[in-house]
Each structure stands twice: as structure tokens, then as C-alpha cells.
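Right after this note come the structures.
Across the two complexes that follow, chain A remains constant while its partner is chain B and subsequently chain C.
Presenting the complex of A and B:
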């Protein structure tokens, strides 16, 4: 167990390093860096530009820049934002907290997929099962951000006609009143949009897992020895069909973050996606690298935790 | 000619010979798969709709000539902006007076072209790497697995945003980038399959007869992988179309004035109270396209492996 853990941690660090190297190279070798933007400004003389270049450290060769950046990261110094001048860690942290609200809300709502999947499997082939399957296929084909747009349009039309504002049209809180209730009210639509892909993935996965387990010999044995159907379901079917769910949690993280960018963008939620898009337009390298680093760490950590948790809940999995 | 008459009189000697038994229902894998696919009504309808969609979209100039008075997607009359749907403009016009219906068609060209290119790139790359990893094993397998791990860890949408800000992509460069970022699923599937195939007896037999590695891979293993790859290709195609739409919607990706479903949505967003149809239609096109592709892919999967039905 200990050796496995050490090996996985070393692997994860190498993985993180590789991801950062690739991101760094992609970002810095692509044409149109921050200086290009400055050069388009007629008030900027070439001397000012080269001064700025020197101040931002962009005049040094790429490998030197990368080593400096990595050395900073090791000391938890992620540099300062080019445009805002503030430390990256402060800006990214604030945005990350805001995104965390959405992630949390989305994941909790997403767990709804589990009972849906179990229900569909237990009623296999019946009308309700077919309805759920059709619905998941249809919902999978709809871009969720577009669904969000439609909801916003409907809500705003409703507000214009009926005078009742069912949901806020964006933002994180009503200006001037940042209460928990108000925050939750603002979270309903975005968390639901984030949750949709979870609900679909979970309900499908759980359904097929449950169907597989239901036909196993030990379930038949349990029934044959007279165990109550409820107990069979809880102790034998649910237990074994939900374990593999842990493995897909880690794999869903990248798409979760992708979804958050879109949802934040349509609902102007001041999270990491919004920050990233602004920074991308301004070519703010330190912020961009900081966010990619942060997300990669989360993804790698998620996968590592999923692996470990799998071993804890499933005694058949051995680490060696 | 008289000989035939003589033969006809003879008793049919050879019919009892096992190899000359009348063949009836031994259809090949592809034949029976196609038959199964054709029996699934939903899949067939999806296929037909998708084909009609593709033909209409790729013949957009012709369709525009016939139904929309030959209007062009990027030419509009500013005096005609935000016209409601009428006989002249079936779905109305946008901010600069361009016909929305015509733009939808041309936008489809970009979206579908990106989708197909991405699927082609990620398939060829994915199949090649998966074959090599599964077949040769050892250091190849480790290297390719490491690469897959790295690529899966990269937050894709973020990298895409970054690249499209910096490179200002044409549709084909966007497709190449999407393809290079999306082959990992295929590789994993193919690798797993090849691992189970390479130890089968007929592979050993081929090797005993002196077949080279590449011949074994190409002649004996690849055909067994094709069916799964086709299904994954469907999901890749859908994923690529969705990625392009999301990216263009965010204001990255395909640049205006070239229309794509995503950037049409982006343009329409400011005016949703004035022209809600322009927010609805591009999304509806994406939805219909994706739904057809998903249904076809599902149908293919069930046809190739009937045991998977109801899963």
C-alpha cells in the first residue's frame, strides 16, 4: 500500500510536470503574445515596449523563463498578473472559491442520477425505463449552455410579462444583499446546468451496472435463501453496482471544468472560467498558467483519490 | 447441348457432399450487422435524417439558389436588419440583414466539416497508437499510455481557448487541434481489444506461417477492431461538433463573418429579446445533428454486438 502510494505520487508529479511543460510551450510559442497587443498601440514606442518586455521577464529564452516559473511555483510564488498586477494566487484563489460553489452544487444535484439509474434498472423495459432512456439520449444531444440560454430567455420574458422574476438572470448575488438564501437562489440554474452531464452519466452507468449485478449468481442465492427483496437490493445489488461509480468520478473532472467555463460565461458568474477567458484575451500568461496548473492538480488529485477510494471500498483490489 | 439433358437424368450425386451443401443463412459479420441495423427503426430514421441534413448542408449554394433566391450567407442589406420571418426570409434576418436560414446552412458546412475532419484525425491517430500499444506492448505500451494519461489530464477546453486566442484559427486548423486533443478514447478502446486479440490462436497460426507484425496487424487484427472504432467515431464526431460550437459560442473558434452554429448563437445573444428565433435555431440545428449521430452510433453498437442491447 505504502509503495503503491509513493509510486502513484511520483507518477502524478511527473504527469503534472509534463502537462505544465506542454501548456507552457503551447502558450509561449504561439504567435501573438502580450507584446503584440502593446505594439498595436500607436502611443507605444519600441523602447517602452522593450522595457515592458524586460520587466515582465519575456526577453529571456523560453527554457530560462520556464525554470524561473517552476522555481517560483515550488516556493508557492506564481508571479503577478500582467494586467491587474496582483499576485496570481490571490486572483485565482478568489475565482476558484466562486467556481467551487458551482462545482459543489452541480455535484450534489448530479447525484440525483444514481436513484434514477437504479429505478430504471429495476423497471427495465417498462414505460418509465424507456422514458428515462429517451430523455438521457435527448439531453445528451442538447448543448447544456444552450438550454441555459433558453431558460434565461423564458425567465426574462416571464419577468417582463408577468412581473415575477423566477430566477436571477446572472451574477452571483443581488447587489447589496449577499445572504446565503440569495446566493442559493442565484445558484439554482448554474448548478443544474453543471449537474446535467453528471445526471446523464451517472444514471446510464448505474443502470447498466445494476442490470449486470441483478443477474449475478449471488443475488439469486440471496433471494433463494429467502432474504427480503429490500435487503437483497441494499446489501447485494446497490453495494456492488455503486462501487464502480467511484472510477468514473475522476474521469468526469475535465469535462466538469469545461462545462463550468460555459455556464459561468452565460450567467456571468465570476469564477475561474470567466477569469481565464479575460486573461486569454489579454494574454496574461501568469494567470493562464496558474489556472491550468490549478485545474491539472485537481484532475490528477481526483484520479488519485478515486484509485485509493476504490481500493478501500472494494477489498478485491490489491495494490502491488 | 444434349449433354445437359443427359446430366439432368442423373441422380444428384453431389448434394450430400458436405462442402456442396446448399448455403442458406450463413451471412457474414457485416451483412448480418447491417441487417440488424436496418431492423432498428429509430436508427434508420436517424440515418435518413442525418443524410438529408448532410446533403442539404453540403449543397448549400444549390439549395440557396432553389429555395432562397440565391442569397449569400455573408451579404446583407443593413436596411433589412431584424426582419421577422416572412416569405422573403424564411427565418428572418440578423443584425446586418443577412438571411438566417441561408446562414444556418452555410454554418452547417463549417460545423460538419470540422466534425468529420476531427473524427478522421482522431481515428487514424487513435487506431494507430492503440494498435501499436496493444500489439507490441512493453516500452511502446508504456510510452503511449503515458501520453494518453498526459493528454487526458490537460483541461482541454482551456487549452482550446488559449490556442484560438493566440492563433486565430481557420476552420481547418481548429479541426486539427481538436483532432490532436481528442484521440485518447479510441486508443484506449483499440488497445484493450488488441490485447485480447493478439494471443488468439489464429494470430499464432499467422505468425507460424511467417507473417510479419504489420501484416498480422493489418490483415488479422484491424478488421476485428473496425466495428468498435466505427461506434467510437460516431461519438467523436458528435463531440467535435459540440466542442466547436461551444468554443465559437464563447467567441473563440471560428471567426465571423464565416458562420458557424456556435458563433451565430454568440452574435444573437445580445438581441435575444428582439429576435429569439436566432438564439433558438442554431441550437436546434446542433441538437438535431447530435441526436441523429448519437442514435446512429447507438444503433451501430447494438447491431455489431446484440448482447449490448438494453444496456
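Presenting the complex of A and C:
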């Protein structure tokens, strides 16, 4: 177990390094750059632009820039944002916490997908199963940010005609009145939109897993020996069909903090997605690298945790 | 069983389709082109004092941005109704606000309308500001917000003519030397910072020196170094500007706004982590003070009860929310969460439906206009007759009517019709495909096998037209001309590109394109557009460099030194004629500026700067 862990950690660090090198190269080879927009401005002199370039450290060769960045990371100094001049770690952390509010709410709602999946599997071919299947396909096909826009339009029409505002039109809280209740009210629409993808993914996954397990010999055996249907479901079907979900949960970790780019952008949620879009458009390299690093760590960590969790849940898996 | 299953599926599908259709209503049409694209809208650059700048590339052809542009333009704007010739400073003449009646603007300053003293105004910005430091940023939102808290520029925009004029809210008198190189301003009595300390000439001198210091990286330091010899403060009330050359807009270009020396001196100039005054200023000169800035979410200003340059605002506070989606901004206006927003042509219909708000329409002094640029590096495009034929084949009116729903007007040169310097005699190329064909025939061109050949028999190759893919209007223009140029035997390849990639293609070797669709946002001074033609490939992308362009540049430098309005107008008229004749661009249209304003507000009267030129000081709730 220990050896497995050490090996995985070394592998992960190498992987992380590779990801960062590739991201760094891709980012810098993309056309444009933080100074491109300044150069469009007739009021800017080339001297000023080259001064700014020097201040941002962009005048140095790429390998030097990268080594400097890595050296900073080792000392937990992630640099300052080109846009705001503030430490990357502060900006990314604030955004990650904001995203966490949203995605946590979304994930909890998303767990609804599990019972829905089990229900559909147990009523295979019936109207309810068909309803669930068609609904999940349709909702999967509709972009969720677009659905969010539709809801906003409906809410605002209703507010304009009926005078009652059912939901806030974006934002994280009412300015100046930040309370838990107010925040939860603001979370309803965005978390629902985030939850949709989870509900769809979970229900479809659980449905097919359950169907597979139901037809296993040991389930038939359990029934044959006269076990109550409830116990069969709980002890044999559910338990075995939920094991693969762990992989999905492992993958959830980064998306919890990563935010949902378009939903956040549409609903003015000041999370990682919004920050990422702004940084990408303005080529704010330190922020972009900071976000990519943060998310890569989470992805690697999530997968590692999922692997470890397998060992706990599934007696067939052992690490050596 | 399978039949039953199929029936189930069909039923369910129908049900969902019906419910979706019902949900969409008739609002769906307005929801299309938002999301990521809206973030780039901020790229179009309104610089610190719009008086000074030349045009900036605008990424959003149809954008109105009334609030943004107007405040950016007029950090210290005021209504001056009596004079349209304040800039024609006669050497040696003293402008005395108390003594010379026709120049005295004070009685004509807009009186604040009666309204409730109090209330909050809700505005929106598409993206967050970068900093509140007036000498660090170049983006529109930052400039806008800095205008809320800092005032004190000696120049202003005349709301009738749209030209720069003396800001008599700040200066009592201006003395111009005989050689037009020395400008001596006398500060008005009683100007105070928000902490009650007087605003003195030392603040101006100190701020100027800081901004000029190369170590402080003021992005627009060129405004100073190009024009100014020095800024000095011989006594507490006198500020003397010495110019290097007698430039008409020399001082206006500097747009110098003071920072409180008694607070800032000794603190770090540019690093917000070292100097809290940068992003949480405690002492200001503008009509508003910062209350709270929550990054990425909102900023709240409260009125400065010690405001002396501007009158104390009627409203209690202003909150600007960051709402990146324009569609959501319109919905927030409808639902009463926002009180005033800028609109694009695409949101016009939806905003019109709002029962609690009205749409304000005007043509701005600072026109956003669109054009198709030629790449003069291509030998075939150097032929004026071909360019003329292409201009005749461009359906300008159709583009305005169909692509921007009629919310625009034609332009014929770099001076828009909304400018006081517009020359109606400028040649126009109204759409006429027959005339386009006959122009080509007369110049010896022939169409053989559907392909255009020049008089030497060389076939015109397939030509490339570039534009940025997030701009639907530009895409529309490219598609429209693709069809109409085909009638002349010219085939176009349409190349949409991401904005930054697009600019790079236009400005760098190998310049692989023939046409590009782009827009400029002009400033209030069309006389300074020469900076674009002189700006090398980063601004003069298509390299317009002909015998006529040299003539035009000479005329521009004359115009910039001509202090007499009538003479300057004549020179500018010639420039328009020559530019239109030589066709560096196919000039297309100027977008109408649109704002959605809540009916519960009393705003300033509409001018060519919109309604927010007074930094919302005279706005109130009904």
C-alpha cells in the first residue's frame, strides 16, 4: 500500500509537470498576448509597451520564464495577475470558494440522479422509465446555460407583468444584504443548472449498472434462497451497482472547484469559470497557469482518492 | 409491447417539445449571440480622456455604450451652451469666466432637476475594472469608474458641437500666450478634496511629475511627452502648461487629472499591494466616493457631500454590477434590477418591450463605425478603379437596414455625419451594381468564364476577407459582399478568426488577406484620425500609402494647428473629399447609440454624449 502510494505520488508529480509544460507552451504560442491590445492603442508608445513587457517579465526567453514560474511555485509564490496586479493565489482561491458554493449545491441536488436511475432500472420499459430516458436525452442535448437564459427571461417577464420576482437574475447575493438565506435564494437557479448534468449522468449510469447487476447469478441466487426483495436490492443490487460511481465521484473533485464556465458567466457568478474566461481573453498568463495548476492537482488527487476508495469498498481490489 | 413502448416514447417526446416551446415564448430570438463574446466587447478601448485620443479599434460594431463612453469622455463634462468656439483661442486673449459674457458658461450649466435627494442607481458593466488608479489602466470600465471619483481636467467637451472646450468648473480663467505655446489656467476658488483640504496647483504639478516618471509606467505617457514641455505651479492657484508645438488639442490631449498630493506623497505610486489608496481611495475630487468594491461582482459609490468641482449628486449612491451577458442585462432592466444599460441593435426589440423602461436613441459624437479595409500590398487593389467598383458593389443601405435593423446611418469618410466637421459634399458611392460593372469595363477589365481579368489579361485570384468570428454584424457584411462581388466576377473566401488572432493576421507579415471588416470608435476630434494613417501596420493595417494619402496627411497636420474653427472646418472638408475619392476603405455605417433607461429616473437632457455626461450628478428618482 505504501509503495503504491509513493509510486503514484511520483507519477502524479511527473504528470503535473508535463501538464504545466504543455499548457505553458500552448498558452504562449496562441496568437495575441497580453500586450497585443495595448499595441492597438494609438496613445501608447512602443517604449511604454516595452517597459510594461519588461515589468511583466515577458521580455525573457520562454524557458527562462517557465523556470522562474516553477521556482515561484516551489516557494508557493504564484505571481501576480497581469490584469489586477494582485496575487494569483488570492484571486484563484476566492473564485474557487465561490464556485464551491455553486457546485456543492449542484452536486447535492445531483445525487437525486441515483434513486432516479435505480427507479428507472426497476421499472424498465414502463412509461416512467421511458419518460426518464427521453427527458435525460433531451436535457442532455440542451445547453444548460441556454436553459438558464430561458429561465431568466421567464422570471423577468413574470416580474415585469406580475410584479413578483420569483428568483434573482444572477449574482451571488443581494448587494449589501449578504445572508445565508439570501445566498441560498441566489443559488437555486445556478445549482439547478449545475445539478442537471449530474442528475443526467448519475441516473443513466446507475440505471445501466443496476440493470447489469439485476441479471447477475448471485442476485438470482439470493432471490432463490428466499431473501426478501428489499434486502436483495439493498445488500446485493445497490451495493454492487454503486461501486463504479466512485470513479465518477473522483472526477467530481476538480469540477467542484472548477466552476461551470458558461453557467457562471451567464448568471454573473464570480467563480472560477468567470475568472478563467476573463483571464483567457486578456491572456493573463499567471492566472491561467494558476487555475490550470490548481485544477490539475485536483484531478490527479481525485483519481488517486478514487483508486484508494476502490480498495476500501471492493474487496476484490488490493494494492501492492 | 414494442408498440406500446413506441407510443410512450412519442408521447413523452411530444410533451417535452410542447413544454419547451411554451417556455421559450417569443423571447428566444434575443438569446442567441451572448456568452463568451460579450467579454471581448470590453476590448474596444475608450481611453482616459476621449478628447485626446484618436480612434480606437472597436470590437463591437453595433455597440452603443452610452454610459461608458460618455463618462469616459467627460470626466468633467458640463453643459456649455453659449460657446462653440472656445477652442479657437486667440493668442493673448484672456478667457475670464466672470468678465467676458459670451464666454461665461456658468449661468448655462445644467441646473439639477428637482427630484428626491437619495436613492440608489443600478448600472451594469460587462467586465470588472482593473484598477481605480487613473494612471495605470487603459480599459473602458476602469476609466469609467475613475471618472466617478476623480475630476479636475482643464478640458471638457462642448455638448453642442462635440469639440473640446475649457472646463470652467475647474478654471476661472485661461491666458494663452501669443505663440500659442503657454497656457495659464487660474483655478476656481473653493475647490476642495473630499477631506476638505483645498485642491491646489501643487496637486497638478505633483501628479504630472509622477505620471511622467518612466519608472511609473503610465500607459499614455506619450500624451504628455509628445505635447508638453512642462507643467508648473508658480502659485497655489495657477497652473502653467508649456507646449512643445502649437497643437490645437495639445492641452486637451493631456487630460491631466490631479491626485491628492497630501495623501499620496511618499506612498508607492503603482503597486496596489503596497498602497491602499490605489484601489480603496479615501480622498477624492469627484462627485462620488468609493464605498465598496467587490471584485468580479459590483462596486458601490456614495455621493461626495464635499464635492466642489461637480455639484453634490442628487442620488445617494450608484452601484455598478458586473453582468457579462448583455441578454441578462436587458432582462435585469425589465425586472427592475438595473436602471440604465447600453444596448446593441440585437437587444433593441427586447428592450423596447420593457414596460418600466424606455430606449434612448442618438448618434454619438464618438461614433462607432464600420468599414471594409483594402490591403494595398496587393497590386490589384492598388487600382483605384477596381476599388471604386467594389465600393459601388457594396450595398451600404441594405447592410444598415438588415444587419443592424436600421439602427445606423451611412458614413462616407472617417468623419461621421454626427460630427460638427462633417462635409456634406463628400463623394458617395451608393449601391449600383451596373455602375460598378461599367466602371470596370471602362478601366479595361473583362469578365471571362465568370472570372474578372484586368486589362493585361491577368485573372484576379480568389480574394480573402477577414473578420472576427464573434461579431455577427461583421460576419453579415462579409457574406453580403461575397454575394455582390461575385456579380463582378470576384470570388471571396470568408475567413472568420478569433479577435486576437484576427488582429495579428492584419498587422503582421505575411499580411495574407485582401479585405478586412473592422470598426473604429472615433473621438470627439476627427482632426486626430491621422494617427491611424500614420500608425504603421498596427493601425493602418492595409497600408494606405498613396499620393493622395500623403496629401491628406499634410492637410491633417494643418488642421491640427489651425485654431480658427471655420478654416479648420474647410481643411477637414477637403480631407473628407480626398479620402472618399481615394477609398482606403469602403466606409459603411455609423451605429446608432442605444441605452435602456428606467422610467423611474430623471436624467440629463440627451446630447451627442448620451445622458450620463454629468457623471450622474443631476440624475434623480421621480
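Everything that follows uses one rule, which is that the second predicted complex is superposed on the first by the 309 of 320 C-alpha atoms of A that agree within 3 Å, B and C clash if a C-alpha of one lies under 4 Å from a C-alpha of the other, contacts with A are read in each partner's own complex, and residues count from 1 in each chain.
Quick note on the criterion: a residue touches a chain if its C-beta (ideal position, glycine included) is under 8 Å from a C-beta of that chain, and two chains touch if they have at least 3 such contacts.
Just so it is clear, the structure is predicted and the values come from calculations on it, not from any experiment.
Asks: With everything superposed onto chain A, say whether chain B and chain C fit together or clash.
Replies: clash
Asks: First (chain B), second (chain C), both or neither: which does A:233 touch?
Replies: neither
Asks: Could you let me know whether more residues of chain A are touched by chain B or by chain C?
Replies: More residues of chain A are touched by C.
Asks: After lining up the shared chain so the two structures overlap, which partner does A:19 touch, if you call chain B first and chain C second: first, second, both or neither?
Replies: The answer is first: A:19 touches chain B but not chain C.
Asks: Just checking: does A:254 make contact with chain B only, chain C only, both, or neither of them? Give me first, second, both or neither.
Replies: So A:254 only meets chain B here.
Asks: For A:99, select first, second, both or neither according to whether it touches chain B, chain C, the two together, or no partner.
Replies: neither
Asks: Taking the superposition as given, does A:210 touch the first partner, chain B, the second, chain C, both, or neither?
Replies: Neither partner.
Asks: Please indicate which partner A:281 is in contact with in the superposed arrangement: first for chain B, second for chain C, both, or neither.
Replies: both
Asks: Pick one for A:197: touches chain B only (first), chain C only (second), both, or neither.
Replies: Touch partners of A:197: none, neither chain B nor chain C.
Asks: Have a look at where A:87 lands relative to chain B and chain C in the superposition and call it first, second, both or neither.
Replies: Second partner only, chain C.
Asks: Figure out whether A:141 sits in contact with chain B (first) or chain C (second), or with both, or with neither.
Replies: The first partner, chain B, only.
Asks: Looking at chain A, which of its residues have contacts with both chain B and chain C?
Replies: Residues 30-33, 125, 138, 142, 145-146, 149-150, 152-153, 156-157, 160, 262, 265, 277, 281, 283 of chain A touch both chain B and chain C.
Asks: Give every residue of chain C touching chain A within the complex, in rising order.
Replies: 1, 5, 8-9, 12-13, 16, 20, 23-25, 27-28, 30-31, 34-36, 39-40, 43, 45, 47, 52-57, 127-128, 130-131, 138, 214, 217-223, 225, 271-273, 294-298, 300, 319, 321-325, 327-328, 331-332, 334-337, 354-356, 498-501, 503-505, 507, 531-532, 535, 538-539
Asks: How about chain B: which of its residues touch chain A in the complex?
Replies: 146, 149-150, 152-159, 161-163, 165-168, 238, 242, 245-246, 249-250, 252, 265, 269, 272-273, 276, 279-280, 283, 286-287, 290-291, 294-295, 298, 310-311
Asks: Contact residues on chain A for chain B in the complex?
Replies: 15-16, 18-19, 22-23, 26-27, 30-33, 124-125, 137-138, 140-143, 145-146, 149-150, 152-153, 156-157, 160, 208, 211, 251, 254, 257-258, 261-262, 265, 276-277, 280-281, 283, 288, 291-292, 295-296, 299-300, 303
Asks: Under the stated contact criterion, what part of chain A meets chain C in this complex?
Replies: On the chain A side, the touching residues are 30-33, 36-45, 47-48, 51-52, 55, 80, 83-87, 91, 94-95, 125, 127, 130-131, 134-135, 138, 142, 145-146, 149-150, 152-157, 159-161, 165, 168-172, 175-176, 262, 265-268, 270, 274-275, 277-278, 281, 283.
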